[in-house]
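I am attaching a structure below and will ask some questions about it afterwards.
Order as written gives the chain letters A, B, C, D and E; numbering starts at 1 within each chain.
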Amino acid sequence: MFEAIAFYLFSFLTIAMFYITVTTSQALYALSALAAGMIFISAFFFILGADFLGAVQIVVYSGAVMALYAFGMMFFDTTRDVKEKKGNKYLITGLATLAAILVVVIVSAPLIGENISAYYPMTEGAGNTQEIGMVLFTKYLVPFELAAVMLLVAMISGIVLAGKKMDLSLTLMSDREIIEMREEKNKKVLL
Amino acid sequence: MLDNILSILVFFPAIAAIFGFAVAKDSIRAYGVAVAFIEFALSLLLWFSFDSSVSGMQFMEMVPLVPAFGINYILGVDGISLFIVILASFFTMIGIASLGETKNVKNMIISLLFLQMTMAGVFVALDAIVFYVFWELSLVPMLYIIGAWGGPLRIYASVKFFLYTFTGSLIMLVGMLFMAYFYYQATGTWSFAFLEWYRLILPETFQLWLFGAFFIGFAIKVPMFPFHTWLPYAHGQAPTIGSVILAAILLKMGTYAFIRLSLPMFPDASVFFMFPIAIIAIIMIIYTAMVAYAQEDIKQVVAYSSISHMGVIILGTFALNVEGITGSIFLMIAHGVVSGALFLLVGVIYDRRHTKMMAEFGGLASVMPRYATIFGIMLMASVGLPLTINFVGEFLSLLGFYQQSHILTLLAGIAIIVGAIYMLSAYKKMFFGEVTNEENRNLPDVNKRELVALVPLVLITVWLGVYPKPLLDPISNSVKSVVQLMHDKAISEEAKTRIPNLMDGVTRVKETN
Amino acid sequence: MEIGLNHYLVLSTILFSIGLVGVMRRKNLLMLFFATEILLNSVNISFAAISHFYGDLTGQMFAFFVIAIAASEVAVGLGLLIVWHKRHNAIDLDLMSTMKG
Amino acid sequence: MELLLYTALFAPLVGSLFAALFGASPKTLVTGVVTSLLLGVSLVASTILLIFVITSGQFVHVEMMTWITAGDLYIPFGFIVDQISVTMMMVVTLVSTVVHVYAIGYMDHDKGFNRFFSWLSAFVFSMMVLVMSDNFAGLFIGWEGVGLCSWGLIGFWYQKESATWAANEAFIMNRIADLGMLIGIFLIYWNTGTLQYHEAFAAMPALENATLVWIGIFLFVGAMGKSAQFPLHTWLADAMEGPTPVSALIHAATMVTAGVYLVIRSHELYALIPNVGLFIASLGAFVAIFAASMALVNRDIKRVIAYSTLSQLGYMFVAAGLGAYWVALFHLMAHAFFKALLFLGAGNVMHAMDSELDPFKMGGLGKKMKVTMIMMTLASVALAGIYPFAGFFSKDLILEAAFVEQHYIIYTVLLVTAGLTAFYSFRIIALIFHGEERYKLFGFHPHEAYKFMLVAMSPLLLLAIIAGSFKLSYFEMVTNLLPAIEYHIHHPLTYWVITLGTQLFVIAAIFFAYKKYMSKSVKVPDGTSAMEKSFFYKLLINQYYIPRFYEEYLVKPYRELSCVFWKHVDQKVVDATVDGIANVIYITGENSREMQSGNLSTMLKWMVAGLVALLSLAVVFGLATRHSDKIMLILSGLGV
Amino acid sequence: MLEPVNVSLESLNLMTLAPMLIPIIGALLILIIDIFKSDLDKTLYVMISIIFLLMDLGAIAQTAGIFNESGTIMGVFDVMLIDGLAILAQLIIVGASLLFIPLALTHSRFHEFSYSEFFALFLFMLGGFQFMVATDNLILIFVGLETSSLALYTLIAMHNRDKAFEAAVKYFTMGALAAGFFSFGAMVFYALTGSIEINQIATVLTENGFADMGFVLVGTTFLLGAIGFKLSLVPFHTWAPDVYEGSSAATAGFMSIVPKIALFVVAMRMFEFLIHSGVVWLEIILYIVVVVTMTAANIWALVQNDVKRMLAYSSISHAGFVMAAVLIGTTQSNSALFLYWILFSFTNLGAFSMLWISRQKHLPLHQSSDHSYNKFAGMVQTAPVAATIMGLFMLSLAGIPPFALFWGKLYMISSAVSGGYTVLALIMALNSAIAGYYYLKLIVFMFMRDPVINKDGHVFVSNATHPLRTIIGFAAVGTIFAFVAINPVLEFITALVFKSGY
């Protein structure tokens, strides 16, 4: 019973938050609603016994991601109202609703092959975090390491793109300009 | 050397063409002529060492190419292909020799040499894929020749030529792949070799479909009505040399392919489609002849006349007997010589006046008597006068088809009437009457360079008209084996009766007696 | 009234659709990125739910990696936006249609 | 003998090629002389061959080389000199030699002198091939060859629009007939397996009658073209645009008789199918009177003679059709002599009159051109069939044959035609040579032709007079080959009544013509006289409106249809379809490239739309499989 | 409590990781070098990349050898899966990269190639792709995909001009949406089978006889959306032309080959078992998608005014063409896929390289794009050799024999014929004909028109350096003489594919 109440409550909240995120014209509202929605989602994780995931959700999303977005928002100065040139509203809602209905129709059907044996079953008595650690560092070691590489890539990308290196475009400068620039730089170093 | 003569024949011009890049611009013409002459001499050597009494393939060569997929480089020549190969090298030679002042002459000659490679390749290839390679590749130099040296609509014409034929041959390719697949199913190995395919007896429905696929490819190339409309543009816009080679050789690829592929592989389908194709052929003959009559441009007249003649060739092919097929092969050569010569002749006047409109001319007979004479001879050859080369082919083709259908042959025979109508009226417009246009008054007659190209053609026209035997014997020999193969392979009763059995040893005369 | 797997799946789908709406209607790129976050998050709910109902950890693993991916995307996405914003002082995607056809 | 045969055959070719060498250069007398000499050689060779054939009764048969072989088909260049061909050879070489010599004078001032002789000799060669060939294919070579030379010679004065037009007309009309001939040849080959005369004819009796009928008809269609039988006759009159020697040689003596020759050559075939023979005879009779009627009013001397030729060809076909092959051949020969003479005479007149052809503008020329007048008069007498001239023997025989075979209608028609022939022949004689000297009104200064031309004509004159006396020996010779049917009216009284009656009728016609056209009241017609306004006159002068019919209902529609085919069908339907397909593809691209608006939002929408579309399909498919039995039920209910 | 896990090192088969680790190590090395000494010349990085790529090639060859002996290798807790497909795909990925990376050595300086990060990201990206193809675990596929994609977005943006940013943003945003699709699809299959490993998914689904067809369809739809996005199948293709146009020609050429082969392998692993198990819906859908992709992309390519954009659409069309192999799903068709893609890789890379060496820093006069057709007008008069080579690539792309791509087309259409897809074979053939038009259009401009913009032939080779010439020469020679190599390559491919059970 508790579970049901919690489910519906959080469902309502997440849906509402995300709805606000995609409809409001205030970037700040959207950001706040998104952050709230993320936190509500972590509630689901806790309900479902995925404690570790819930924690990660709060830390990564509400912490890191939202902070990044907030920074971005300030940078872009989007506190002012964003003009949303309204495209074809009906098309958008139509497509989305249709997608939702179609998927819901199919997904709400009971899964026939539900008696599925778990490949990586949860162990009785072990904490969620432990279990996850166990699987993550055996079976999912390679993806985990690759994810690390991915984050490295993301980091490099972020630095390259947002950093000074992109300020001057060598692509658009003529070869002569590039040489002059180099010489100037060398001079500076010498000085 | 004789063992590899076909490969040499095919690749010599290409290699020479590559070396040609290094030759200086002002000497390239001599180089081109020399190469083409050597090529022609090689093809003659091929003829002299060819054994006319053998009906099968000679000078066979085989190199595995993609054995995993049954693709092998197989070449061979028999009576059916021999003379077209010679014709191709001959026309390349003539063409280069007669080349007038041309911009970028180097590119032109190199293209021509490449074209020669593809033409030789198509006619000696005995593997479907090798055949297809050369078949398609021949489009490229031609595209360039039309597109770069042609008239005002050249780009439209060349692209149309390319795409139209390309589309058709892609469908043919699908047919070839099907054929290989059926062969694979029957034998468990992949093969694209014609001689292997000949051995495959297909059920009739398959034959019909495959015949259809091949037909589209060939029919566009020939070109058969209603797929012919690229041809007038291509001819109309092409430079003289392009038209010459297009008419003399490239069109023959389609009809040659019918004989090499469609007939022996699908005898039942050939019989099944005989009448529809004959009707198309008749439409080609009469309809295009009428269209030719309506033309105002002399080159278009010749272009449409080509289509009309190709109709006769098709008809002869689908006579499915030795006389008809022999005739159609001979007519291919004949038409090559004659239409090639006619296009050269049109080129002569175009070089002088830069127009091809017949209304611009008139009375040329008195200004350029030698030109008028040669044109007249070729015109008479074109309308199929006996003792000219065309007659032999036309006569045999029609004679052959007469065995299959009387009434259709009668209709097809209208060719000799309508052919005379457009040709004579064109000749009249150009050469007869008073000289009305002042610009024509002082035109120089054909010069030496042009004569070098034209006189041999005239001689061939007459020689082969009077004494076609050296060609007819080998052709007929090979055709006999094709017809016999068709008869043996035929499944349906109708096909068995339609295709004569030559092994009876009893000729028709004896039957009747 | 038991909450079954299907409930979660439906919820997930609805959230996903909301995400789709956002993706389609947002013209502000930053807010568009919000919507893509919604997409990924909605799926995570399902993964956790399936994991829960099957007693299998794989789902949680997947969700974990999805979070990592989402985080990386934010980094790159913001980087791109910053570059664009530096040049154009705007992040409206309607301005971004020099290439078409 | 073989050497002689080759000499006879190839001498003209050599001459022609020799002349052709000088074709483009200005007049060189030598070409004319050389070609004439070579023809003389040919004539001599033919004569020796004739004597040989007569004396030995054997054939000379050679096979020079193979021409076409393919499959079972075997066609050699084979030549045969037998009684039929040797007759023809004599006629051809004789007339052509005369014409050549004559033409040296006639073409004296022509720029195309050399070209003319080249063509003319080439014609003779073709004609020799035609008559000497031992197979149908060889015949066809000659057949087409004479057609070609005829084209070149009719259109010899190519600057003249009418000449080239007539040349093309002749060629094309002949081609129509040639198609029939070709089909006939095909039929022979597929039914007998050979094209050699003797083998083919030997095989024919074994064939079905229907087949033979078809062969007969198609071959005759070929003959109709060459011999200008109705309805393919119009070209002959128009062919008079050519130089007069050409008309004499080709369009009177030789080429036009090729059709008759063909029928005679195929007598073994036609003997098997008498019905076709009767048809030929009927058509011949019709053409005889039909052509004669047109000759009555024509105001062009050459055309009159041409119609006369046509009419006489009708006679020959009557004979051939009725099985009197030797008679036909005999008339062919006799006719060749006097008709050629007539033409050459007309040539003299034209020469004198600066190519004027209207006899009404002449008159009284007899004083200036006595020899010509005599020659033409005698030739006309021969033509009219007055005893003892050549025409009497040959033509009378035909009438007798018709009578004996009891084809009285044909007989009557021929009889009337004989009268008409006499009338129109002497109409022009009278108009040209007698009566008022009307030419003075038009400022002509007529003069007699060169002497040597007249001398050259003299052998023809001689033969026109005496050819009839060879009748018996001739009969003996050709009946070695042809059925020897003698046509005698057994009842002597009937014989005499008919013969004399005919003669009287003809003479009456001659007198009538003289009376009518020698009078001083003859004026150049100006379209005002009552006769000229009469329906019949108009009908005749317009050649029964047949040329106009052809022009209006065949030539024009053909031209228009051609234009329609080109401009509308070929360009607007066939080609437009091809381009249309290409354009549709291109325009689809052009219109749908808007899809790629470059707007990110749109792109995202497309992605979602694609997803939704796939999902919808999934649902449809899912439902369909789940309810497939029900769907089948509904479909079956709908009758699918 | 959890038991400690004992894992023997041998059972891990760590060498399966070697091919992927090598480029990653190379990338790290480049980063480290950059830390110690910046402003080093690009040639250094190019050479380091090449060395590592060669080592990578060696490692792949090593695994190929093992595969040849012992069949499919599983490694590292069965996450890694080295089979024939993986080996072939990696060979193509690394091989094409080897051709691509020297393109950095242009005559003019372009932004991205001047920074070490480009090469590091590039190698990371390769690692990502290699992981993708060498596993059947959806998680690893997903992570690999994202690693490489994120790197690729940056590489595009690093070209550093407005169009490049626009391209990167578009690609990125749509990629994010596709990532959503992918995870949703994976989720559905997980819900269905409790597993995210494709062979287990296949086993489970087959065991219960595709009872939950609805779920299968939804999952397939979403995965098709995600994979189709990367493969640029219509209607998920919209990014492709813009991104190709926005990025440098070299990168565009790279993008047309390497990411796609990785995704093809994924598609083969994911879809073929479904089709073989009789999911007719997928067959129909794939059929439609393949046909529409081929045709529509061709039609759009017809109307382009820019060569690079045309090549973009043509690449889409080629991808659709090759996707047919997945639909057909026979050994022959799968072999044809690899054969085609190998041949396509050097032809297409060659074509893009030709654009690359003619690239100028600024747009040509009065033109809105770098490589408009007009730019190439009359090229044969000013730069005949370059024009001939470009024409050669166009002919090869059009499928004119005997140039490279013809053999691919031949084998592909043959596989359609043998697989019973007659109509598809015809459509493929006809599409080649339509495609002929736009390739021809460039040839027409180069060979048959007079120069419009560039009267100076130097423009067409302004970027050419020896390495670039070598690459182009290599591609050209490969294009012309491909027929010599077809047989061994085909035998090799077929053996590998057959042994992998595809």
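In the analysis below, contacts are C-beta pairs under 8 Å (C-beta built on N, C-alpha and C of every residue); 3 or more make two chains touch, one makes a residue touch a chain.
Small disclaimer: the values here were computed from a predicted structure and weren't measured.
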Topological distance between subunit A and subunit C, in contact steps: 1
Intersection of contact partners for subunit A and subunit B: D, E
Chain ID, smallest distance between chain and overall C-alpha centroids: B
Best-connected chain pair, where connection means C-beta pairs in contact: A-C
From subunit E, the most remote chain by mean C-alpha position: D
Of all other chains, the one whose Cα centre sits farthest from subunit A: D
Mean-CA-position distance for subunit E and subunit D (Å): 76
Rounded Å distance, subunit B centre to subunit C centre (Cα mean): 65
Euclidean distance of C-alpha centroids - subunit C vs subunit D, Å: 94
Rounded Å distance between subunit B and subunit D, as computed from the means of their C-alpha atoms: 35
Sites on subunit A at which at least two other chains make contact: 87, 92, 95-96, 99, 102-103, 105-107, 109, 111, 116, 118-119, 131, 139-140, 143, 147, 150, 153-154, 157, 159-161, 166
Set of subunit C residues in contact with two or more other chains: 5, 9, 16, 19-20, 23-27, 33, 54, 56, 58, 61, 65, 68-69, 72-73, 76, 79-81, 83, 93-94, 96-101
Per-residue overlap in subunit D, given as positions that touch at least 2 other chains: 582, 593, 596, 598, 600-601, 604-605, 608-609, 611, 615, 618, 622
Inter-chain touch pairs (all): A-C, A-D, A-E, B-D, B-E, C-D, C-E, D-E
Residues of subunit D defined as touching subunit C within the complex: 593, 596-601, 604-605, 608
Sites on subunit E touched by subunit A in the complex: 1-2, 5, 7, 17, 24, 31, 76-80, 108-112, 114-115, 117, 120-121, 124-125, 127-128, 131, 135, 137, 139-140, 143-144, 146-147, 150-151, 153-154, 157-161, 164, 188, 191-195, 200, 204, 208, 211-212, 214-215, 217-218, 248, 361-362
Sites on subunit A touched by subunit D in the complex: 87, 91-92, 95-96, 98-99, 102-103, 105-106
Interface residues, subunit A side, partner subunit C - complex: 1, 3-4, 7, 11, 14-15, 18-19, 21-22, 27, 30-31, 34, 37-38, 41, 44-45, 48-50, 52-53, 56-57, 60-61, 64-65, 68-69, 71-73, 75-76, 78, 82-87, 89, 92-93, 95-97, 99-100, 103-104, 107-111, 114, 116, 118-122, 128, 131-132, 135-136, 139-140, 143, 147, 150-151, 153-155, 157-162, 166-167
Residues of subunit D that touch subunit A when the two form their complex: 601, 605, 608-609, 611-612, 615-616, 618-619, 622
